[in-house]
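Two complexes follow with chain A in common, the first pairing it with chain B and the second with chain C.
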Partner chain A sequence: MGEILTLLWGGFLIAFEPLNLMLIIFGCTVGLFIGAMPGLGSVNGVAILLPLTFLVPPTGAIIFLAALYYGAMYGGAISSIMLGIPGASTAVATTFDGRPLAKLGMADKALTAAAVASFVGGTISVVLFTFFAPPLANVALRFGAPEEFALMLLAFATFVGLGGDDIAKTIFSIAIGLVLSAVGLDIISGEPRLVFGDIPGFMRGINFLVLAIGIYGIGEMLWTVEENHKAGGKSMMSEAVVTVERTLNNLKELLGTWKTMLMGSFLGYFVGILPAAGATPGSLMSYGIAKQISRDPDKFGKGAVEGVVAPEAANNAASTGSMLPMLTLGIPGSPTTAILLGGMVIWGLEPGPLLFTQNADFVWGLIASLYAANLFAVIINVAFIPVFIWVLKMPFTLLAPIIFLLCLIGGYAPTQSLHDVWLMILFGVVGYFLRKLDYPLAPAVLAIVLGPLAEPALRQSLLISNGSFEIFFTRVYSAPIMIAALILLALPLLKPLMGHLRRKKSKA
Partner chain B sequence: MIQTKHQLCGLGLALGLGVAAAGLPQAAFAQATMAWEPKKPVQFVVMAGKGGGADKAVRFMQSIIAKNKLAPVPFTPINKPGGSGAEALVYLKGKKGDPHTIMFTLNSFYTTPLRQPALGVNIEDFTPIARMAEDTFCLWVNSDRKDINNVDDFVKAAKAKGNGWIMAGTGKASEDNLLTDFLNSAYGLKMKYVPYKGGGKVAKELAGNNADSTVNNPSEQLGFYEAGKTKPLACFTPERIDLFKDAPTFKELGKDFVYFMQRTVVGAPGMSKDAEAYYQGLFQKVFDSTEWQGYMKKKALQGKALSGDALMTYWKKERAVHKQMLMKMGAIKG
Partner chain C sequence: MRKAELAMAVVMGIFSLYLMWKSAELPIGWIQGEGPGGGAWPFWLAAIMLISCITIIIKWVRRTSPLSRSDEIYMDRGTMVAVGLVAGSLIVTVALFYVIGVYGALPLFLIFYVRYLGRHTWPVTAAMATIAPVATFFFFDIALKITLPKGLPIVEETIFYPLYKMFL
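On to the complex of A and B.
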């Protein structure tokens, strides 16, 4: 313990060198805006700015990129809340309640909740990172395909109740998401699937963002256009005001969500350290659990503050967590850390179990800078809230084309292919009609995010076990996760059954 | 300055300005490179996803070019990971005649067009720019396996477990799959090949004891190897790798099998001769840079720089070799 504190202190001395401090603040600010741009997100931000980092020493470089990653995590919530377009996959769950809050004229409340929850999640996870990195790295190493599948099933299970009351429509929505996630090359058989006669754009599969920006961004805009027409052209994207009094009230209300914040932070961190999971499943699971444990689950999806707090605490915690497998195993826990890993190669560092001892300056400088980045990101974020609110006050007729443009850029940027832009517009139109018919769309997005992670893990496991499902129940880590997932899956089916039995009894 | 001048040339003011510029100090440079230089950012297509080995190498070359100011324009990586390189190959094929698109490629450059003739990709159409290195492969097991210290031990253990022996690799019909098939037939084994996404993931599966063996590139296992978590038993190289002096080559063990993965820069088809010469010169400079040489040494990469006709000959030879291997494993028919 004492030794860790000494190392951490050394790290702080490095992080607070003038150049590094400047890089932290600069990184947070740039990250905030990159994260707020739909489709740009931390992955592309880090990739674009990576070549710049050879101008500074490796420690400064990772500090800058980590601050940017953090800033983008904060920023991702902004477009989710204000425009209903998730800036990155990590911020999808934030739209579920963030957007309704903004529509109720409480965008400031949602933005404040997101910033504070991000700060709490980030800080808790950095503390966990500081003290428990090496032992957790070993757990992460033991995580194989069966454990991964069990975890994905658990993520699905926490979401069973998400789609509303109509189970049939929820299943339909999940099925659509899973089919879309199956498009592209199948790594197990090496064969392309559902590529519609070798259309090259389908070979890489359907990016989650194309679906999310389509059904949320474009779909939401069509929805608002309709409302605007009904309201005689007076409709607004969101209405909100910022005053000191309101902000204080918002903060007071947030105190009541401390349980959700803690749950999200711990869950996010532990899911984040598992290789290949990353921040997206963590934030989705956190949302699902927050809804399950809430005393008022019906409020979720209609503007519950807990629905913003849970995923935001989790995604920031997970972004710290995903640095762990990157540094100690050389395995990226998320797409963004994959790029950071490339950066480490350029800077001449070898990720692996020895990094903590061989490059202590680098590792502890990074950890200390995460504490600092967290603090600066929350300050910068809160300071910009009035600006974002002001943007929302633009008349919808002005805002709509800007949002549409942002959607197009967001669809084009990750792959730089028009194929994805057309697909996105198609999803937007189809999503709009599905919404009119009262189909829940969140399960489809969940399925396209988790499907590509769950499917290979399931098939790899069964390949190893010669097709026996026993493999999921005989391993130390996968068995408890699997059992928890099955119980959660069974609950919604059992509930009506139990109620039915009870009624029968009382009648008799 | 130089860049501005070339843009003006493009506007058709070339002659007059060229003569006028002859007196300026930059003129020597302008004349030495003769005519062709990229005029807009160069798209550097990566045949794999972000964060993989190929992606890291491209971003590394990008930084070498920018750091040493080797080119007047930036090189921007674009990932086209779809379909084992199919997406990237089709994309590059569609860029016929475009001197601003190049690609970094692997052995799927041979295998994907062979397995998917419908793509209509003929690799002989592409512009041979530079082979930057050949990556090597070794057979790895977890260090916990105290009973396995050489290939004989490995064969004994793998035989005993039959098809319960898990060999993790990077994908169906990939380099790892070919090597697994070789080992199975050379030693009479029945190892089960389980594909994962990316070499880093494969390396981790072995270090975490979720697989029994792998045929990773040294660079993928290096971190675990240095931490004492995994060990190489033998390598598919003509000579021993400096980093792993104790691991013999399969050649020494009497199995004449040498296998490399190319790490090569290839240009769009039908690129002008001038553009081709420019990129060949540029990547020769990258190859010779201390950064690249240091990278090759650290990652146990081998091979000389190869370009032009020599590279095309190498491609044809390698394609024939891969065709044989794929036919043997039943992935393609004659």
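On to the complex of A and C.
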């Protein structure tokens, strides 16, 4: 305990270095703007802006991106409430009661509730993170190749078992991401592999950022172009009256929702830790539970403050939770952390438990910056509510070309090759068409990041066991993880079977 | 939607077959002392892709998936034009990178988007088309020292050599 506090103190000294502090404030502000824009969320922001972080050292880069991640989580609520369009999928649950509140002329109440709940959720989860991470990293130090592979399989299995999307399409998405990550030189024999059309650009492999910016930048924007076209450029903006007196009253009223805030924070954090689950299911679950435990459940959906507080506390807590497996195990808990993990590899760090011993400055600087980012995000958010509302009025046709420009250059910068820019556009367009047919794309991004780690883990494990898959089931740590993964994989197959049996029974 | 669902599954199925064939250029079996061959990992993953596509097609035939029953139009004409114009302009922009470079192509893209797609006024268009590329130049070429493509050598020599001298 004492040791953790000492390390945390060291982290604060790093986080409060002038450059890092500036990056936190800048990251929060940019994140709030990105989160506030309908359709764009933390994952888009982190994917598009990651190439810009080459300017600063790795610790500064992750601090900036983590602050942006937080800011976007706060910002997502703004468009959910003001426009009724979720800023990102993580803020979908916020529309359920945030929008009705805005329509009742209480937009400011909903916005303040969202900001405060986000702060509480974020802070509680960072405290939990601080004390959970080091012991988990210690356990993970004992992991070998079979455990690593089992963990990655578990991450993919969570998508299949709990994803809720079409199973065949989810599996397709995971597999294509892994195959794309196999392009380039075979890591063991050194031979060229999957070099399509003998184009030299493929020899370097496919950088995960090319797929991430393609899908979350280009593809997402094409999607928004379509949505805007269908809406005919019309949006229903609510009016918000913001005065100091009203804000103080709103804050006072929020004290009554402390139970919901605590519930959302703890639930969000633990759901966020699950690989692949992340903030969206966390916030939806939290909303559901808040409604169940409420004394007045009928108010939900018509403008209950608890209905804003619950999902907002949960989605911020989940974003911290999803960083826990990323830092300690090297397995991302959400698409955004998958991209952060890929970034860590680019910055020359090895994600996983060794980070805590070899790059303690990096880890504790990041953790301390999360405390600071929460504080700044809530201050900036509450203070500049009118500015963010003004941003929402900015026409899409001015914003879109800037984002496209950032995508084109962001796709070029990491490798400085136009080959990657072409690939990025291809992935964006194909991703857009796939998304229209309900193919989930987040698993593909997670897979292209994990692919280069999963393949060697599998090959090494099989080499140790001389080709037998038994190795995954005979070791202390890998066996339970592997069994959990297999159960999750089997879950979608069991569901229809159970339904079938039940129908038979009821007929009999 | 119904037709698109089938078409996509067939196209992706064929792509999976191609990936399997391409992976098999490297050994896909067990190599004594080395473990699985270099092609094994992508080969079996591509096989999983193929099985997924076949499952989607079977569901389509049996009409058990939501999209296989949907009568909705996959893409109406207006959407096709709107999305096509944007995607097309991006492709033209990147193609122009080779000729007139990033700093020639980006302003053209911005003018096209802001003025013709966005129907904003000329002053707004002009401001966007100048500020964005200038900011990009100072951030990437000067601060990050990541030289963005300048197009044909003559463009770089006449315009950018003097600028490098001034700022680098």
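Note that the second predicted complex is superposed on the first by the 279 of 508 C-alpha atoms of A that agree within 3 Å, B and C clash if a C-alpha of one lies under 4 Å from a C-alpha of the other, contacts with A are read in each partner's own complex, and residues count from 1 in each chain.
Assume a contact is a pair of C-beta atoms (placed from the backbone, for glycine too) under 8 Å apart; a residue touches a chain by one contact, two chains touch by 3 or more.
Owing to the predicted nature of the structure, the values given are computational and were not obtained by experimental measurement.
**Q** Looking at the overlay, does A:462 come into contact with chain B only (first), chain C only (second), both, or neither?
**A** Only chain C; A:462 stays clear of chain B.
**Q** Looking at the overlay, what does A:341 touch: chain B (first), chain C (second), both, or neither?
**A** The first partner, chain B, only.
**Q** Check the residue A:143 against both partner chains and state whether it touches chain B (first), chain C (second), both, or neither.
**A** Once the two structures are laid over each other on A, A:143 reaches chain B alone.
**Q** Examine A:184 and indicate which partner it touches, taking first as chain B and second as chain C; both and neither are also allowed.
**A** After superposition on chain A, A:184 lies in contact with chain B alone.
**Q** Using the touch definition from the top, say if A:351 reaches chain B (first), chain C (second), both or neither.
**A** first
**Q** Applying the document's definition of touch, where does A:416 land relative to chain B and chain C: first, second, both, or neither?
**A** Both: A:416 reaches chain B and chain C.
**Q** One more residue to check, A:47. First (chain B), second (chain C), both or neither?
**A** In the superposition, A:47 contacts chain B only.
**Q** One more residue to check, A:437. First (chain B), second (chain C), both or neither?
**A** second
**Q** With the two structures laid over each other on chain A, which partner does A:331 touch: chain B (first), chain C (second), both, or neither?
**A** first
**Q** For chain A, give the residues common to its interface with chain B and its interface with chain C.
**A** Comparing the two interfaces on chain A, one with chain B and one with chain C, the shared residues are 54, 188-189, 191, 416, 460, 463.
**Q** Residue numbers of chain A touching chain C in their complex, please.
**A** 52, 54-55, 166, 168-169, 171-172, 175-176, 178-179, 182, 186, 188-189, 191, 193-194, 196, 218, 221-222, 225-226, 229-230, 395, 397-398, 400-402, 404-405, 408-409, 412-413, 416, 418, 421-422, 425, 428-429, 432-434, 436-438, 455, 458-460, 462-463, 467
**Q** Taking the touch rule as given, give the residues of chain A at its contact with chain B in the complex, in rising order.
**A** The touching residues are 43, 47, 50-51, 54, 141-145, 184-185, 187-192, 195, 198, 200-205, 275-276, 325, 329-332, 335, 337-339, 341-343, 345-346, 348, 350-355, 415-416, 456, 460, 463-464, 466.
**Q** Residues of chain B touching chain A in their complex?
**A** 49-52, 55-56, 59-60, 62-63, 66-67, 74, 77-84, 86-87, 90-91, 115-116, 118-119, 163, 166, 171-174, 192, 194-197, 200-201, 203-205, 207-210, 222-224, 226-227, 229, 294-295
**Q** Using the touch definition from the top, list the residues of chain C that touch chain A in their complex.
**A** 1, 4-5, 8, 12, 19, 22-23, 25-26, 30, 34-39, 41-42, 45-46, 48-49, 52-53, 55-56, 59, 65-67, 74-75, 78-79, 82-83, 86-87, 90-91, 93-94, 97-98, 102, 106, 109-110, 113-114, 117-120, 124, 128, 132, 136, 139-140, 143-144, 146-149
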